[in-house]
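The data blocks that follow each hold one structure.
Look for subunit A in each of the two complexes below; its partner is subunit B in the first and subunit C in the second.
This part shows the complex of A and B:
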């Protein structure tokens, strides 16, 4: 033993008198670092229950569960993530991916309990001590796993647009479409918002996997107008898209268009065919708009013998006679319609169903209407067919309800659009006032711009209140349409010097008067702020109403038509069991996709009705 | 001014110039992807990356240490570029005098785990490199022949799966099969749930 070994205990003993080098750290005071990843917090109001956190979790620690007090609404599944801390590895991938940034982590990590069940809970729903803690982990500023930016859509420049009716939106390339499709998290929150409940994440996935035909088949399950809707749909889905909470929503509409553009027309039939046996029942459909043709398509797929009666020389309804060609080219609409016809749906054009009780013309089987003979009456269809569906739309423009509206220089927006479709040149001249703030007003204004007119849109409320699509308003402005908002039409006068060749449009400035919470402010005319402007043409474009005169009165009463309005059941049922209706005449949203959804549901309703009829016959 | 080493430089851009001039690295290529040899990127005034071939790496690292003052090995790590069939090693070196960092990035063939991706060891340049290399062997299956204890388990005792940081390893499936689910768990698909709640009969 060396001397050092003998002495060293003494040096140790001496130390005992010194201040200790270690510090006492009480067990109950060990806060995590400021950005420590501890127990989760979730802002219950901000979370939309998209389940992206569940999908990304590599430990399968997250379940999406209903939570008391949280409703399922448009854009919110009503589910919330529940975390199993027996599996969580605190990697924070869920926090990094969360579409709404609602999910974060506190820096709290100490929690001792003898019951293992308590370590599985819904953060934010159970009042944990760390729910309000400021510290902990959240996604760092600028750090994004999700791509917030939409792939820009190539469009024609405004100057070029004004020279023709060529389609302005040019469509994605394969590379652009895939890049855009890659941004989708496949949550499916959008499906409920789509009136037809299209399988949006399904067809977006098909784009990612380059399976165009698979994508098309998926779209046709709920929508036989993909080429059209891919261009003009009101895309309610995009408003609720989970990515909308963190950046631009997925360009769902453009992706739909991409599939329709890429799919080979020769493959269409094979893609959409089903193996249903033929059925003998005949169904008559009035109106070859999206509502009527959608019903026709799904009924035909179920094997029914379907005949569509259409007053106009071509199909598509307002998609053709309302929406201008630069938004929806006719060949694209035809592509959708041709597929329906190719499945064996008979479409009789130039055949307006009339209200005559007795039609002394040839019977339906003789080919009414199209050969110049009188078209069948509603009654006749009712008698000759096993079921009737009508989706005749809203053709009659609303009037402004002001004095002097019968002035010769007043032309309705819808008639201008219809003329252009029919190849006629509407008599617009130079200065044009368009009254209204919806899509019809935008379409009429932009059409007039393309015909070389100077166009002013007058709308009674503020720009934010305009029912038109935001992008349509922007595009109209780009094209040089002037906007006067809070402008209330007062009357139309004929200035003696103008001799019926110009209309003096009298309008007044409106003040927006608050109507209390949840109600939009009301425009009130300020009597002392009245203006008079001379225009070559005044174009009312404030909406349209139905025209149901073709239905005889007693029948109308049975169906349940009250004051041009018609109430239908979920599957288009009317008061008369054999008659179904849908589309703009009955639904609230009045857009193409709602009419398509109505047609599809009515097809189901008619199928059920006819099958019940058949089994009744069989049993009696 | 860095004077104590053979090559002095003041800023990171200049460092890269010298490295090219003296032939330590190839001139920059057009391509910008991190796995392309010749790629270089100045991330900030004190951080740059260069990509070099495996054969050239050890030499460059040694030169950076002994002639340019990058005496500290901050870390050695890898990223799996499975689509390209490559791992990208990153040797991050620090210059204490100028407080500059340079990342030497080295793409190596990925190959199957058994056949073994492999790289020359630098444990003789920094002893702690041995520990990093042992970790890379375990996590990615990258071998560093001659590195001390490189075949011994690092933290995954008794691991007999694909090395877990290789991207073909399915983490989620592994957790699903290895750890039993607690009884009473169930989940819902948002789209299905919304259908039941909002439009069950359509």
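This part shows the complex of A and C:
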């Protein structure tokens, strides 16, 4: 020990004169850092109550609870996270994984209260000083737990597409499907949005777990058209997908298709084994579209004797005759239909119910049923069967309602599509004008492009107002379809020099006039901006109406058909207890999946009706 | 009194010798688990004769939270907020090693800038932990004022952690795939200011602690670990280096960016409490240098995180791995076994404190003075939380 060791410590004496290091009033003088993980904040408007925060919370501190003033809507569970601060460990994984980025944290970390019950984040009742705090933790740029990017679907190049009707979407490989399925957070918001309420998270999970069989069985619980819907479904589910809020929605439709594509014979057989004991009641179904066949499938599973009457030579309805082959190949549709038929559902093709008016397009001749017997009338079916379900769709194209529409060079969009399906070549020639902005307009335009035509789509509103799927519009453009929007048809003229070989299409530019909030702007013709263009063919595709003339008037009154429209109950009930209806004729959404859902619900309604009937008989 | 218990001693040093407590020569004393030193949360059962320790037994279990078991029931992402809690003063080593084992088995590559940020936080953690240790070491020898300086300056480092990660103690910053955030605006300047402040303090500490007759008198010759014990007891870190064993995972099996950084392994030869303190003191200087090097050389931009598979369904291919890192106390390791499911089959955490606080302490305390027990314990720099995972 040296003298230095005694004196040395004394050299730090100046530290005795230092001010205290501690903050005297930390509550006011020591705010948390800018990214401090303090008490939560949740943007109640942006939150959709998907519950992913609840799922990831390793403390089980988060519960999704109902909140006064927040309704369950399409795309919003109506629930909001409640956080128990007795369990929370402030790890902020809930913030990191929040699908809408609504959940963040404030930099506030002090909360004093005499009531031990209050220490929780209660949605809708916050009113805490930190509610509007700008500082605090939020997910950093460049770091995210959920992959916002969809696995790209391999598709044919536009140039290749135009050369044939080969399916343009090629389908996911196993690896791609699993990667896409991995993005799902299993919130189930999609299930509520799906008209058929398919167990979407369930079958996506089956893909992740390589359980094609299980996935197929799950799909068939609510939808007997997986191969078709996996291609052309309007995918309302994807619009509300939680991931859609900060990235691309899960490719739910393509994943459904993946299961249907991968399923083999044994997977399909496993489904058909679920049939219940045979029942003696007979059910007649009019129309072998998705609605009719869906009803047939679920009724047959319940053991009923089901006969389907179809005017066309093949089943599928609009799936076959309204959707081009490059979107839905016939063999895929047949796969779905064949399974329904394989259960023992009798489908009588080429059997038009007597009185059922032919639609505009060319048809196989009316006449006897496929069994050679005479085609029955609606009354006969009503007499002979224990219940009748009709789902005859919307086969009649609306007319433009303009002068000169009877010009020989005017061909409706739906009849072009029907012709192509029937193997005929529609007489389109070179320049084609398609009038309309819906899916049929897009399909007709793209079909015409594939037949070598130059195609212009004219639509009365703006592009954003088009009812067609966004992807159909994009793909049509890729394929060289020209678009003229805000174009109102005025009349169709016959120019003498065209000698009836061309139609002079007169249209005017439209001005969009604001109609106030919640109403879309109205197109108003500008009289001074009228154009006349010559086209080889003008194709109206502005929608279709029902064709219910096969139903006799007295019966129509009983059923409750008013002005070609039918109001049905939740299970397809009409005014006549024995008769049920569904699909496009009664469904506002007018798409395949809604028709399938209608068919399924009607099957339940018919089952209940028949069972009640039976028990009445037994008791009487 | 005739049936007074005869206590068999631990077999470390006094093998075969039995102490007859009824003889009146011996006294049992408990130090801890509520002892006001950082050896807290475990207890030492002392058998003393006068003020000389004739036997010591350690008792752990006051802090067992079953982390390793908890982790088997949580998904890989859910374990991320847990691991930091295994060692309170140095959460970052747990975060890094957990992430590294998971990434290795899952085949995930971490972006370069994330590795720099990880490396930076590990050295910041070392700095904070050593500053806290100064508090314990000086406090145990009655020089608590110096300890307060250390603890205060640790808080400046924690301020940096707070602005970087959003938390002072549990940073939860290193996550599988990378890190959770960029350096905040102006971080480098503020970090350098803190480093300068700490460096300034180290000068004072050197004069007040290492050139202090009291400290020298009490620390020199206390708890000399014989060189041959180092390997047989599995001693690592400054405890080994103070015995002249140049063992440092950062050099021996470089991880992150240590092979690109300029530093030498600090060793001493006395292997006593003083030399161990000296080695740590030098390593504080070393840490300052490493942090400065990183702040200078780190790429200024680049990705900080790799897109992971969806953590809600994340399954990791079957396999097992052991990854290690040099924490302030020696080798810290994570052994991870995956059976291919979404949950770890087994996570084993190898902390240096078990060896140092239990086996080593039981050997080294015998013959020491009661008053030196706390100082000796702190000189092994142990943290009971990581003994009891």
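Going forward, the second predicted complex is superposed on the first by the 568 of 620 C-alpha atoms of A that agree within 3 Å, B and C clash if a C-alpha of one lies under 4 Å from a C-alpha of the other, contacts with A are read in each partner's own complex, and residues count from 1 in each chain.
Convention: a residue touches a chain if its C-beta (ideal position, glycine included) is under 8 Å from a C-beta of that chain, and two chains touch if they have at least 3 such contacts.
Just so it is clear, the structure is predicted and the values come from calculations on it, not from any experiment.
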First (subunit B), second (subunit C), both or neither touched by A:279: neither
Partner chain(s) touched by A:90 [first = subunit B, second = subunit C, both, neither]: second
Which of subunit B and subunit C A:197 touches, first, second, both or neither: first
Touching partner for A:189 - first (subunit B), second (subunit C), both, neither: first
More subunit A residues in contact - subunit B or subunit C: C
Partner chain(s) touched by A:146 [first = subunit B, second = subunit C, both, neither]: second
Partner chain in contact with A:60 - subunit B first, subunit C second, else both or neither: first
Common ground on subunit A, meaning residues reached by subunit C in one complex and by subunit B in the other: 58
Parts of subunit A lying in touch with subunit C, wherever the complex brings them together: 1-2, 4-6, 8-9, 11-12, 15, 21, 32-37, 52, 55-56, 58, 89-93, 96-97, 105, 137, 140-147, 182-186, 205, 208
Sites on subunit B touched by subunit A in the complex: 171-172, 175-176, 179, 181-182, 185-195, 197-199, 201-202
Subunit A-facing residues of subunit C, complex: 74-75, 77-82, 149, 152, 155, 159, 162-167, 170, 172, 178-182, 184, 204, 207-209, 211-213, 216-217, 303-305, 307-313
Complex contact set, residues of subunit A against subunit B: 49-51, 54, 57-60, 62-66, 72, 74, 77-79, 84, 86-87, 116, 120, 187-189, 191-192, 197, 201, 570, 601
